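Listed after this line are the structures, all set down as structure tokens.
You will see chain A twice below: alongside chain B first, and alongside chain C after that.
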Partner chain A sequence: MSAILSSPANGSPDSNQASDAAPTSRIRRGGRGQAGGGHGHQGPAGSDTTRARGPRESPLSRAGALIVMLVFTLYFLIPIWWLFIASTKSAPQFGNTPALWFADFNLFENIGQLIAYRDGVYLKWMLNSVLYAGLGALLGTLFAAMCGYALAKYRFPGRDAIFNVVLGGVLVPATALALPLFLIFSQVGLTNTFWSVFLPSLVSPFGVYLTRIFAASSVPDELLEASRLDGAGEIRTFFTISVRLMFPALVTVFLFQFVAIWNNFFLPLIMLRDETLFPVTLGLYAWNSQVNQIPELRLYVLVGAFLSIIPLVITFLLLQRFWRSGLGAGSVK
Partner chain B sequence: MNLKRTAVAAAVLSAVVLSGCSSTTGSEGSDAAACTPADGKVELSFTSWIPGIEDAVDVWNKANPDIQVAVQTGPNGNSGTYQNFFNQLKAGNAPDLGQIEYDALPNFRVQNGLMDLGACEDVMASKDKFVDWTWGQVSLGESDSVYAIPQDSGPMAMFYRADLFEQNGIAIPTTWDEYKEAAKKVRATGSYITNFSQGDINQFAGFVWQAGGSWFQNDGTDWTVDLTDDASKKVADYWQELIDEDLVSTVPAWTTEWDNAYNTGAAWTWNSAVWGANSIASGAPDTAGKWSVAQAPQWKSGDKAAGNWGGSSTAVFTGSEHPYEAAKFALWLNTSEEALTMLNESANIYPATKDGLNLPILKQGVEFYGNQPIYDVFADASAEVAEDFAWGPTMTQTYNDVSDGFKSAVSGDGTLFDALKKGQSATVDALKAQSIPVKE
Partner chain C sequence: MSVSVETAAVSAPRRRVRPPKLVVQHKKAIAIFIAPFAVLFALFYLVPIGYAVYQSLLVIQRDGTFGQAREVFGGFAQYVQVFQNGPFWQSVGRVLLFGAVQVPVMLGLALLFALLLDSPILRGKRFFRLAFFVPYAVPGVIAAIMWGFLYSPNLSPFTAVTQNIDFLSADLVLWAIANVVTWVFVGYNMLIIYSSLLSIPTEIYEAARLDGAGQMRIAWSIKIPLVMPAIVLTAIFSIIGTLQLLAEPQVFRTFSSAVSSTFTPNLTVYTTSAIPNVNLAAAFSVVLALATFILSFGFLKFTQRKDDK
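Presenting the complex of A and B:
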């Protein structure tokens, strides 16, 4: 249980770092102006030719790399496997059958019970999470894109100061801001509302950082000048040209933001009292906090946790295509 | 989960710092507020974590159109709800009513978070309805004041595997000495008589409570911390012997491993509170029908003393504009047969009222326990819980320090009593750090 609930939260900082590397390497290449926005080479094709030309790895190092990857894959997948197995068991079987293999297959009965429990409050939580994370990530990405684009493409006094402040924002953990936010929202009477979780979710300093870097290298100034000469306004230029050029970066920001909001647990914990406003993470946590005294809840927590990762998996599968082409764009040339 | 726990801990810490500053300024909460009915319709907010409590509240709302209660449920107290209460008290938007466990009440009291209901005649007149010791838990040792309405209680008894004791010809222990002798015989069969749960300091507190100790006292101004009194030493030494002689297992409680020990007969007894009945039934489903419940082992043969583990109350927060109505609702919720029955059905809430102990629903035999009417044992135990055990204002810290020491003791580093000594000094330091007057 604990591993599952925390693993997505642990996951996002990791992936932050991983993708940090890509934009920085792009800067080093000094891709101002001529970057070409990732249209030329496709990722796989490019890497194939590289491998044919480059030095061949020894079978030993390939095997080594495979083993390392295999170990990590298992490390990440076993908790999910465990969760899946646990969600298929009936409550009595949970403790007294092997943890990593099936007993009687009760998944659908369990899901039925979960959904029926307390008039379907679980479905309400899932819907809330989708709203917070989906809408929040969409708008958050839009704002980050506008902000990053403006910082990259317009010259105005204080530009670097603003960017540095935003960069500083990347370093402040969201958890540290939750309590001050609560006190501020209390002043305006917005605690325990949809907005108290939604509004703070729209802010993504990392998104601004990423889109600025990407806009600087993938939106050529010449193109903007051309569209200005053709009479397009700044806003039209942004939405019809720049957004398209920045699209891979925007998908990345969207995914990060979606995952971050989906897993944001602490802010809703502090802001919300009304169970019907909870996101699924907080709802499951509330149940899990009472498993000792109300053991029936354990089953609901397990099945609920399993179902709650499905939207994340779907989002990733649908969007990872863009993501990959985004990070790889222009890196092999 | 670790990440979250750290986050919660960090927030607790920050609130302690914040509220530590504020506790000296606002004192309006400590005065007995006027307790008079309002004109017209009143709306109250109530935060709890009991699943299904909204059904009981619905019953109230139908019967009382002029006092409408909106109930909201979330994580249990120590998992964030207390922290939210403190934040909300600071921001001035706390609910009218909230669920608070007995061991957390002093913390809210020293932060002036609780309305003194001593001025509410209805409340004071209901004192005799409640089991005596529960009133002590909510009046915090003050005779004219009461800071919450007792909701539920966790009197302790001994769950035991009746079948295994009988098959092996071992007598059911009635004293702690007999318990130790029985432990040796059980160990000879390859099993353990029980598990000493290293992290669960509340169970240990229940043992100390039974032995006549009290960890805290408050004389109205100063706090006394006494984690190392004679009773605590006696209990610590006793369990230390059982651990040293390998007569008890020491797996962490509430884990699959722990459930499994009970499910497979590797552990034979559990000295636990009334709500533990469900923990066994769900954790050890293969042993249905084989368990019984008996009075907890005594320190002296023929004594009748019981400990308590858990229990919560319904408090009215400072800042509520309708203490009269809030108190009226809290009394109904925790004394009426209808509400108590509903709470018991939905969340195994064991009442804190004398009449509540005899609810029809608590008179039935329980199938998992061979149809023994186990709640009779707990009703007796409830009457035997000592009245003067008190909690301190920094229990989260005290629990953490002592249970850290217990974990080392269980792995052979130091003793349980060492852990209590360490908890003692750490608690005194914590009180001083918050400018709470403490006697040494």
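Presenting the complex of A and C:
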């Protein structure tokens, strides 16, 4: 696992930056080889000479920093570890074996039962979530990027007005819109449909904000002029040149939109009645509120919860070298 | 946000040499770029908000007890009800208290971790960065279900603690929820601040070190002031998130009877709309959205004013 975790980050901005910075960066590099090992020894031998100029940090503060981080690592990871362990146990063993260690390894039997339960409604939920979040974030990112790019690269009347309205939209949270959206969709008779959750998810004002900043700083006007001289149309220039230059920002917008849709709870809660349209979060919520009546559901809730966080973790890890640089661009401004 | 406006202003004059009259080039392309977002934004942001405001101005009238219900214009009748609604304002007070404690704790931790990740005294940075960020991949609903089990007196792996302290009691459940939110979002905020720290040129630290400044001093006098914009950004998003709290308390209702159906403002909206009393729910929504906007916008202005001094 740790090999997968560390490889994508090799091209990440901090290693780039570290390579042209002097003393502090060397120590960063020194620490890198043992990432995850985390014991309290002093840094590698080379580091002491490189740091000779400034005042030295005592071993005490190094140990202190490491201890703080290790304690919080437990805080962040134990709940997930517990969830993993819980989903490997059979229902009777869940209550009467040590909660943080394996009993009989039943994970695959549990997954089989979960998938078989009620004609595979869980798989349907996962598929729905992937559709809502994957497709929604993809289209949403494209639309936001086109708009942000136009706001950054063209001059036209009303440009600032549009940007200010969009900026106001960033401050209006999605949950505040759930009820108004429900009222609108019930007017046109579209509640309890796929579209009632999918369509509103396509709008990402924050995406417009981020891509606009990024386009302004990373797509040079000279390049656009050169492309025009070559006879390429504006739309073609956008898709062939500008999108490539804006790529880190686009990945960032995609990921945050993906997470926002995947985690969105109020909108599906208020829109959907039909169980087969639920995203996985709403489905698990529905099961969890029935646990007291149907105790067997508890196991399915736990296994289902564990399975449902895996796609998101994998997406984040695979794309991290992109989104981390994009994130930096957005927050500095 | 003001900086972004400046960058646009700097890059623009290069292309426009003759000011007063604005000649718009590439009109068609601009329209194609903007239209999809603009249409969706109008349909699913502006129209619903307008419609909610409209709905909030209606009242239901019946001819006699069993007569047909009609919606008629009622002015601010629903808003009078909102302002007289005790449970709603209790729920507002509850999330404000929640935010006043949880947001500083969460951002304080995020800042501490970001500074440690950025300082030369810590080893194993990549591992910690990932480990702390993983909870962000857990949806609020799932995180709440998970912690619900962890808090439970019988099923928790920490029964020694949970049998003596009832985290799901009326006194503590708000802070139990605060812990769930903190658990999910510390890593996310840490990364935003950390990315901002990475963009500071290292030469600045060089100079400080030559002057004999230690890591603590560098963090306090150089790093924190320079990443202030990032901290303000995370604070605004956290304030918005706090006022909109819904998923976690909704899940906790199955674990604890102390979470009422009007525990947070959004729960009140949901409960009211399910009665169904759509007009009152719309009025709640409008008031809540306005309050969120004013609070986050006010915070932004307040921090900018401090910068100007």
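In this section, the second predicted complex is superposed on the first by the 252 of 333 C-alpha atoms of A that agree within 3 Å, B and C clash if a C-alpha of one lies under 4 Å from a C-alpha of the other, contacts with A are read in each partner's own complex, and residues count from 1 in each chain.
Please note the rule applied: contacts are C-beta pairs under 8 Å (C-beta built on N, C-alpha and C of every residue); 3 or more make two chains touch, one makes a residue touch a chain.
Just so you know, these numbers come straight off a predicted model, no measurement behind them.
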Which superposed partner A:A286 touches (first chain B, second chain C, both, neither): first
Contacts of A:L183 with chain B and chain C, given as first, second, both or neither: both
First (chain B), second (chain C), both or neither touched by A:W262: second
Partner chain(s) touched by A:T175 [first = chain B, second = chain C, both, neither]: both
First, second, both or neither for A:T240, with chain B first and chain C second: neither
Contacts of A:A99 with chain B and chain C, given as first, second, both or neither: both
Chain B or chain C, by number of chain A residues touched: C
Chain B versus chain C as contact partner of A:P205, first or second or both or neither: second
First (chain B), second (chain C), both or neither touched by A:A91: first
Chain B versus chain C as contact partner of A:I270, first or second or both or neither: both
Overlapping contact positions on chain A, where the chain C interface meets the chain B interface: 2, 5-6, 9, 95, 99, 175, 179, 182-183, 187, 265-266, 269-270, 282, 285, 289, 291-292
Touching residues (chain side chain B, partner chain A) in the complex: 1-4, 7-8, 10-11, 14-15, 45, 47, 49, 51-52, 72-76, 78-80, 83-84, 87-88, 90-93, 95, 254, 256, 259-260, 263-264, 275, 278-279, 281-286, 310, 347-348
List of chain C residues in touch with chain A within their complex: 1, 3-4, 7-8, 11-12, 14-16, 22, 24-27, 29-30, 32-34, 36-38, 40-41, 43-45, 47-49, 51-52, 55, 109, 112-113, 116, 119-128, 130-143, 145-150, 154-157, 183, 186-187, 191-193, 195-196, 198-199, 202, 205-206, 209-210, 212-215, 229-230, 233, 236, 240-241, 243-244, 246-247, 250-251, 253-254, 266, 269-270, 273, 278, 281-282, 285, 288-289, 292-293, 296-297
Complex contact set, residues of chain A against chain B: 1-2, 5-6, 9-10, 91-92, 95-96, 99, 118, 175, 178-179, 182-183, 186-187, 189, 191, 265-266, 269-270, 272-275, 278, 282, 285-287, 289-298
Of chain A, residues touching chain C in the complex: 2, 5-6, 9, 13-14, 17, 21-25, 27-28, 30-32, 34-38, 43, 51, 53-55, 57, 61-62, 65-66, 68-69, 72-73, 75-80, 82-83, 86, 94-95, 98-100, 142-144, 146-147, 149-152, 154-157, 162, 165-169, 171-173, 175-177, 179-184, 187, 199-200, 202-203, 205, 208-209, 212-213, 216-217, 221, 233-235, 238, 259, 262-263, 265-266, 269-270, 281-282, 284-285, 288-289, 291-292, 301-302, 305, 308-309, 312-313, 316-317, 324-325, 327-328, 331-333
